[in-house]
Structure formats: structure tokens, C-alpha cells
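Should a chain be cited, it is by its letter among A, B, C and D, assigned in written order, with residues numbered from 1 in that chain.
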Amino acid sequence: MTEIENRMLSDATFQAERAEVLKTWPSGGTVDFDAAVAVQAALPPEKRFALALAEADAEGRTLLQPRAGVALIREHEALLNGLSPYCDVLPTTIDAYTRHNRYAEAQEGIDRSRAAGTSLLNGFPAVNHGVDGCRRLVDALSKPVQVRHGTPDARLLAEITLAAGFSSFEGGGISYNIPYAKHVPLERSIRHWQYCDRLVGRFEEAGIRINREPFGPLTGTLVPPFVSHVVAIVEGLLALEQGVRCLTLGYGQAGNLAQDIAALRSLRRLANHYFLNAGFTDYKLTTVFHQWMGGFPEDEAQATAVICLGALVARQARATKIIVKTPHEAAGVPTLEANQAGLKATRQMVNMISDQNRVDSPDIQTEIDVIEAEVHAVMREILRLGRGDVARGIVQAFASGVMDVPFAPARANLGKLTPVRDNFGAIRLFDAGHVPLPDDVLAFHRDKIAERARAERREPSFNMVVDDVRAISASKLVGRPA
Amino acid sequence: MDEAARSYKIVLGVIGADCHAVGNRILTAVLTRGGIEVVNLGVMVSQEEFIEAAIAEDAGAILVSSIYGHGELDCQNFRARCEERGLGDIVLYVGGNLVIGKQDFATVEARFREMGFDRVFPPSVDLEQVIGLLRADIDARRPMALGHNSGRFVVEARA
Amino acid sequence: MTEIENRMLSDATFQAERAEVLKTWPSGGTVDFDAAVAVQAALPPEKRFALALAEADAEGRTLLQPRAGVALIREHEALLNGLSPYCDVLPTTIDAYTRHNRYAEAQEGIDRSRAAGTSLLNGFPAVNHGVDGCRRLVDALSKPVQVRHGTPDARLLAEITLAAGFSSFEGGGISYNIPYAKHVPLERSIRHWQYCDRLVGRFEEAGIRINREPFGPLTGTLVPPFVSHVVAIVEGLLALEQGVRCLTLGYGQAGNLAQDIAALRSLRRLANHYFLNAGFTDYKLTTVFHQWMGGFPEDEAQATAVICLGALVARQARATKIIVKTPHEAAGVPTLEANQAGLKATRQMVNMISDQNRVDSPDIQTEIDVIEAEVHAVMREILRLGRGDVARGIVQAFASGVMDVPFAPARANLGKLTPVRDNFGAIRLFDAGHVPLPDDVLAFHRDKIAERARAERREPSFNMVVDDVRAISASKLVGRPA
Amino acid sequence: MDEAARSYKIVLGVIGADCHAVGNRILTAVLTRGGIEVVNLGVMVSQEEFIEAAIAEDAGAILVSSIYGHGELDCQNFRARCEERGLGDIVLYVGGNLVIGKQDFATVEARFREMGFDRVFPPSVDLEQVIGLLRADIDARRPMALGHNSGRFVVEARA
């Protein structure tokens, strides 16, 4: 593989690659770009993701989106139509075999699910169902629908689902590798996602706006805001380069209200800063807030409280969209009813907060300052490492630990950075690993953690981290000693 | 102490295409803290990899995690494969979100015990308790270890 | 009846009255004060309400308390013991017949409930069960238990329950009349509550601290904070005069976060101001926050979101205690499970907020300023009307509309004051009636309502009020036109 | 118009020892806005008071609210009492949180219809719909009003 670079794929490169991609599973044979454009062009306005986002953004509304995916088309259709009245935009969550391009195993899952009369897959195997199956699905819905997955190589998945009328595609070469894969080299997944982004860019050039959403929360577990912000910004830059023009950047709830509001506010500002500086002006940027992505409490009432806190802060921070959890989160893939319950609780909370005073405080401003300093420091180093090329830079940054995602399974991630909560529940750095943060920022983290350590009368250690990881499911924000 | 620690060696991993890495990190930390020697294979581990490692490391138990819902598909014939490779007696635990959806744990447990797992755990299990069970189960499955243990007892009593 | 005055009842008056009170239902015959003191003195520390409050206050914790009451002793005991693991202090909600001293009807309810095998009463008829029945109950519990009711004349109820070991008694001569009765003259209920307070004062003098809690939320429906604050302060003064020394003042959630936080913060400060000014120094003051007391959404997930918002703001405002609602609120008296669910959701939210940054903002400060100006203005007029006597003053204030509770059923209440939400959801005065607020405060209300009217392009009117009353159950805070 | 308004006159109140006053205020406001003449007795109204008022005001319907849970106890024999007083045909509605606890509405409805109420409403009822039903039910129970109405129709058609 030649060295990765952040440059738009040429038509020749794209077309040659495309021929190969479509051969990787029989259903690829039915994909045709012109037909795909026609399918997209025929979608009524209420089924276009980019429109829903643009309207919500203009009107200051917050859209709700659940997660949902089961093995069989008819069941999946029923599931989405059961959710539709309670949400604004629809998902289709892809199963884990498809995410790893293990289509044969996915097929086995489909067959066994048919036999068992219940879904044995944790998502919808869109590649196996093919363009026709996916189109049947899209036709049966009345709201925009997005592909949500976790696929390092999503090229075939993108070809098939976009040809079928899905109008938004989640993921990115970093965010769908580091938290989701083990052995996939980062340059490879980034290269595969350049393909996906270029495909979306080609739709854009054909007059079809497809929304792209890098996956914000990463591992969902004590991720410091600057870490996910850097990934979001870099994936945004990579997507823009391939012609993507409708971007939704994400953030996963950390739990501390001031930090969460600061994170969402700074995300928009920082992204615009880097996008404009890279010479892009004609894009549409929106944000998505993920309700708590770490371990949930088992009890459904407690889980609903976690959901409600996320709904509140998402709305206080004026996110364009919320990805909604369910009271079944800790147990397993939710039933329709549990999913509806999550949406209804979220809607009630969002509605009650919608009209209220804008929230501001010195604490929020401090968090914004810290996040911005962190992001700028890491971005500077990424650009230095890549000699101005952000694709090359991010690969080297991960290799050297300049970028480091906590609790990530990927070999491509160093795994030295270790987060821990401070005395107020905000996420700080217990160990910054090799991430080149300014001294005053590091001192800030140290002081904050020391404050907690004093309050708990114990030394900061990995035990504290373990306690924090388990805290929310144990009904606390900060994992204090018993 | 060093000897005691070596005698509770286990292989740990997350099976199949499952990428959930956090529980695996927590399990490693807590089991290690509890005096268990953990050979951690991380996420996305195949049945073969588990078995190879158990043989290579002469482990007393294999602890399989499945979090993402495909546990039923991924764990099939695990015990049979172990038997094929001469690990018929190894202690086999499985835990996590083993099936798709919120299901009654008793039936899930029955299904996985049927598949040959010695113990089956829900996500909410108390890990301190697991450490106790693990020691007991490994000891019980280790016929020659019995004599060794009692011998050691005598040695220790003398010291 | 001689004119009411705020003066401690003499022993002679009290004893003579007592003889009459205990005759009003046969179970009164078994009450003996010395025996009552002995029962209270024998309570272990973990069953003393005042202690639980004092400890929570000292440690900055927030206690949770459900509502619960069914007709029969055994069932009620099972209910409370089912709630006990999820809360900190226990309630016993009294049925509505007992609240109106209709003991014969309560007896019928008991008998019919026995026959039906299910409670046909909306609470626990403590008077009918008598001292022995109530003692059996208290003995079977392991946490402090409070009498919660709505009784204009609670003299017999207080005698019986305090003799049985209940260690806290809710209510007051205003707060248990205006929202709960129709024909009861205010001077009469105040006089009857002087008796209750004097009874508690006598326990205090005998070394037994009984907690007293005026009922904060009043009608629970768009009550402006100053209205409930004035009632709380006046009832506090009346109670202190009779020798009560352990007071918990209450406030019902209004829905706007800034206003709610301001309300709870100002309540403590204002109460201390008036109590100290009246010469009292040796009292213990705590606060109680009632989760939304108006109409709830029918859907349980939505109801849980309302509960969670209340939990959040109660904890942000550092209330000493929260009265917890349930997902069944809109439907009917909750089951044990629904009650547990409300407590679990509340606990999770309180725990997640507990460690977080103190919330402060200019908006909160503005609300505090407004509330303080309002309370001082009304208190000044009450004292003027009563020629320094707060009991006389409050009666005249209600008669003339100087004090006025919205949506109250009592004839003793003028009912001219009409609240409405502003554009941010805070409760303002659409019509101040005869309440003598300063001009700048009235202008503030007017401006705030005009701002909303402009946003909704409609004139402020009673239709707007009707919309606001129904808003939360229709999933909104502000009742906007469709 | 004045005449039309007078022809839909109802007595409204909250029965028993029930103090819930808010719904009563809302009902009065919405029904009045909908052209119904409301004689509002407020809260804590006895069966006798309802019946007295209906007779005195010559009302076409009695709307009983019960919110606090004692509805079953308080509403017993209401229809029989009406009959005793010569109001056997009056339209009787009841609504609110009629029983203790969250119960299946169909069975609650059946129980109250059994007791002689013409219509039974849960708290979530759409009040605009109630106005329509009320007009229809009052008209249907008013035999001589039929002629009167059709006469009026002719007059209006001429004008």
C-alpha cells in the first residue's frame, strides 16, 4: 500500500477500486451508480437526512434518533415503523459480522434467525439483503434513514445502502477502526473510508446530498472531549477533501454537565476553525450528542435517569441531534417498547428544557478553554507529523501515541493515555501518555485529580479508574471508595 | 505466594467478532488484583486461539466473554473443540451479554451450560465472587494438584 | 371564636381543648401524653425523623421520601417495607375522609377494602386504626416515618400518630386549608394547627424532637415561588411560637431550572431572616423539594423524565429532602413497583448530580432578587394588617387578596391572582390580583409575559393559562399554541 | 345564539371529599368557550347538591368529576337518587381518576356505566370531543326539544 495522503481520489483510482469492491459479495453485482442517483433523487423531502438536519438547525430544534437493527427485512421494517412516531430520523444498525465483512457468517445468522423466529444477529445485515432488500425497507418508511455501524471497511456497505436510498452514513476511518477493530492498520481503514467519502462526494456532485457522520463517542468510556474532538475534526477534513459537504460531528456524554456543554459548544467552533482554515467554506455542519455510551445501570428506572440526564444536557448545549439509549441498555438489544420508552423520556426532557434560559457559567468557559488548548496542541502536532497532510499525520500520531483513545481494542492505538474523573465528575488525564499537551493544561489535570485524591484520601491509581468505569452502572458518577 | 499465584492461571478473551474491550480490561485488572494470573487475549478471539493459548500456557481455566449478542453463535461446540484438543477437563466460564436482547437469565444459563460451560455469568456478577469460584473450580479439576496441595500444606505447616 | 392571635396557647387552654379533641372519635380515648413521650423516647435513633434530617443537612446529603398509604395496617406495613430499601425516610399518606374528619366514611372504606381485598381508600386512615394500630405499624418499620395528609383540623390525627411513634408531622393552618378545603374559615384552621404545633412544642419541652413540615407546594399548579414562600414563612413563625423547633420548609418544582434553584436558595435565607427577626434562634431549619406537583404525563417514560428533572434541580439546589413522584402519577395511587421506580430514578439522578459543580448564573440571581422583593413586600403588608401579629395578618391578607393562591378551592382564598409562564417557562403573574407587589416587580412580570406573547403572536389571556396548566402532561413546559 | 347557548346547560362539580380544583377550572373554561352554559359547583359537592342544582337550573346534564380515588364510594346510587327526584332521564357523565390506582379503563368504564352513568371519561379525554358528545346526548334526551329544534331550523333557513 502506498503511503496514505489526504487528497481526493482520482476517478480512475475510484473506478478501478469500485470494480473490485462490488465483487466482494454477490449482492455487489446489482449496484449501479446512475440508478442509485435516480433512487436518491426520487426520495421525497421528508426522507432526506440532510434536509431534516438543515431544518432542525435553522429552527433550533433537536432531532431524536434511536438505534435499531434486526436480522430480517420484514421484522426490521416493523421495528422502524414502530419507532418512527417517537423519533425524527431513523437508524439502521448493522450487525457485527457485516461490520467485519464476514458476510458468510451474517448469512448463517439470517438463516438461523429465520429458523428460530427471532433475531440472532445484533443488527441488520444490509449487504446480504442487497440493494433490492434495502430499497424495500426504505420504501416502507416515512422518515430519513441512516446506516449506523462500526465497519473499518464499509465500501460495499456504502455502495449498497446508498444505492437503496439511505441518505446518511455514519463512520470514519479512525472512529470505525480504533474502537471497533483489533488488527486493521489505520492507514488501511482511512484509505477505505476515503472511498466511502468519495462515493458520497460523487453523489454530492450529482446533486444528491448525503449526510456523513463521523462516530463521535469512540469507546464510550471516559473519553476526554479533546480526544474525540480531534478525531471528529480530522475525519471531517478527510471527508471534505473527498467532496462530502454535509457533516454531523458527534460527542458522547461524559457526565459532568459543565464539561459536556463545553464540549458540544467547542466542537462546533473548533471544527469550523479547522475547516475554514483548510479552505472549505461551502459545507453544512451540525452536531450529534450521544447519551451516555458507557456501561449502564441494569435497573430500567435508573437507566431512564441516565437517559434523562443526557437529554437535558444535549438540549442545553443545543445539539442538532441526540442518539437515544433505552432502559434495556445494560441488558441487551432493546425491544421496540424499550426503545420507544427511551425516546419518550428523551422527548419529554428535551421539550421541558427547550424553552429554558441558555446555560452559561465560568465553569463552562474554563472547560471550553481547556478543550480548545488541548485540541490545538494535538492538531498542531498531527499537522507537523504529517508535514501538513492530516491523513499522514493522524496515522503517525496514533503510531506514536500523540493520539491515544482510552480502552480501545485496536493494535493501532497505543493505549497509554488513561482518563479518570475529578472530584466533580469531569474527565481528566490520570496519564497523558505521549499526547503533547501544554504544561499548564497538564498541571490543570494534575491539580484536579489531586483534589479528588485528597477528598477520597487515597492515591490516584488504576483502581480509581476501574471504579470510575463501573460508577454509572453502580448509580454514581464518580467511583468513590465504599 | 509466587507458587500459589502460578497455580491459578487462566486464559481470558472476548470471543468472535466482538470488539467490546472495556469489560476485558476491568476483568484483567480485578482478577490480577485477586491473585489470578491472567493471560489476556483481548477482543475478537476465535475458539482456536483460546484453545491454543490454554494449551501453550497450561491454563487451568478459559474465561470467555461475549458482550455483543452473538454469543450463542460464537460459542457453539466450544467444549467439543476443547475435548478434541485434549482439554476435556478444563474449567470453562462464560459471561457478559450472552444473547440478543433482555432475556430471562436462568434460561440463558441453561442454554450455555448445555453447551458445556461450567459457569455462566450475567454482566452484573460480583467479580470478587468469581475469584473465589475460580480458585475452587480449578482446584477441583486438578487431580494431581490435590496431592501437591496437601504436600504443600505440610511444608507450609512446617515452615 | 375569639380573634386569632400568634401567641403560645396556655396550658389551661390546651388541656381543656385536648379533652374535647380526644372525644371526637373513640380511638381518642387511648391517647396518653406521658405514654406518648415514653414511646417516642424509646425510638431508636434510626427511627427519628429530626435526626435523619439533621445528619443529612450536616453531610450535605439529600434524603428521598415517597408518598404511600393504603387502607389496612398489614398492607400498609408491607408497602412501606417494600419502599424502605429505596428511600431514606418513610411517609404515611392519610386518606381523604380522615382529612375531613369523616371517620365514619373512613371506617366504611376500611370495611369495604377488607371485603374487596384491595384498598378502596386513597390513604391510611390512622385515626380509625388508633394508637395501637399505628404503633404496630411504627414497630414494623426500620426508618423514621412521617404523617402526610391535608387536614384542616388535624388535632386528633396528631394526638394519635405522635402517641404511636410517628416522628414528623406535615401540614399547617394555611397550607392544609387553602388547597385542601372549601368551607373552612382560615382563622379556624390556623387555630387548630396552633394546637398541633403546641402538641409538638410540648413534646419538644419533654425532650422529644418532632419534625414539623408546612406543606410547600399548595395547589401544585403554577404557584409563584413568593406565594408558597410567604405561606411557609408564616407557618414557620406560627409553629415556632408554639414551641416547635425542628422545621422543614417546602417548595414545589415550578419547572424552570433557574427559578427553581433560586426559589429553594431564597427560601432558606428568607426564612432565617424572618425567624431571627422574630427572636427565634434555637431552631433547626431544613428544606424539602417536591417534584412537579401539577398534572403529569400519562405515559410512564415521560412521567419518569418529569421526575428526573425534579431530582436534578432539587439536588442542584441542595434540598435536604425530595418528595418523590412515580411513573403512575397521572393514573392513580401507585403500586409498590411504580413507587420504587420513581425512587430509583430519583436516586440515580441525585447521585449523578451530587458531586457536580455548584450551579450559579445571573439568571438565578435575578430570580432570587425578584422572589425576595416579592416576599418582603407581602410580609410587610401582612404584618401591617395584623398590627404586628402574623396570625391576624395572614387571615386578613387572605380575606383581602393580599395573599392569594392560584387554583385554590377554599372560599377563604380570593382567587384573583393568575399565574402564567413566561417565554422561558418561569412562572410570572398574568394578574397580580390584590397582592401588593412593588411597581418594578410588576413591570418585570409584565415585560416577561409580553415577551412570550410576542413570541407566540397572541395576546396573554386565560387561554394561555389553560394551555400552561396542561403543558407538562402534554410533554411541554410552556403551553404554546399548536 | 343566546337561545342555543341556553339549551346546553350543565351542572359541573367534583364529588365527595375531593378537593382537586384545577381540572374543574379547566373544564369550566373549555366547556364555556365551547358554548356550554356551565353551572359550576366547584369541589366537594355531595350527590344532593348536584341534584338540587340540576333541578333548580333545569340543566340538561350533570358532569361529575372524581379525581382523588374515592369515586366508586362517592358515586354509588347516583342514578337512583336522580330517579327518586324525577331526574331519571338526565344525562350523567363522570370523569377523572375514578378509582384507586392504575386500572384498566375498560373495566372502570363498565363499572361506572353499571352505576348508571351515560359516559365515563379518563383524565386524558379530549375535551373538544366531550363538547360534541354533550350536545348530542342532551339533544337526544330532550323529546320536546326535537320539534323546537326543527322549528328553529326552518326559521334560520328562511332568514
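Heads up, the rule we're going with is that contacts are C-beta pairs under 8 Å (C-beta built on N, C-alpha and C of every residue); 3 or more make two chains touch, one makes a residue touch a chain.
On a predicted model such as this, the values are computed, not experimentally measured, just so you know.
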| item | value |
| --- | --- |
| Where chain B and chain D are represented by their mean Cα positions, the distance between them in whole Å | 69 |
| Length of the line joining the C-alpha centres of chain B and chain C, rounded to whole Å | 55 |
| Centre distance in Å when chain A and chain B are each reduced to the mean of their C-alpha atoms | 33 |
| Chain contact topology (line, ring, star, complete or other) | line |
| All pairs of touching chains, each written as two labels joined by a dash | A-B, A-C, C-D |
| Residues of chain C defined as touching chain D within the complex | 96-97, 99-100, 102, 105, 108-109, 112, 118-122, 150, 179-183, 219, 221, 294-295, 298, 328, 330-335, 338, 407-409, 462-463, 466, 469-470 |
| Residues of chain B that touch chain A when the two form their complex | 16-22, 25-26, 29-30, 33, 42-44, 68-70, 72-73, 97, 99-103, 123-124 |
| Chain C residues touching chain A - in the complex, by the definition given at the top | 255-258, 297, 299-302, 304-306, 308-309, 311-312, 327, 340-342, 344-349, 351-357, 359-361, 363, 423-425, 472, 475-478 |
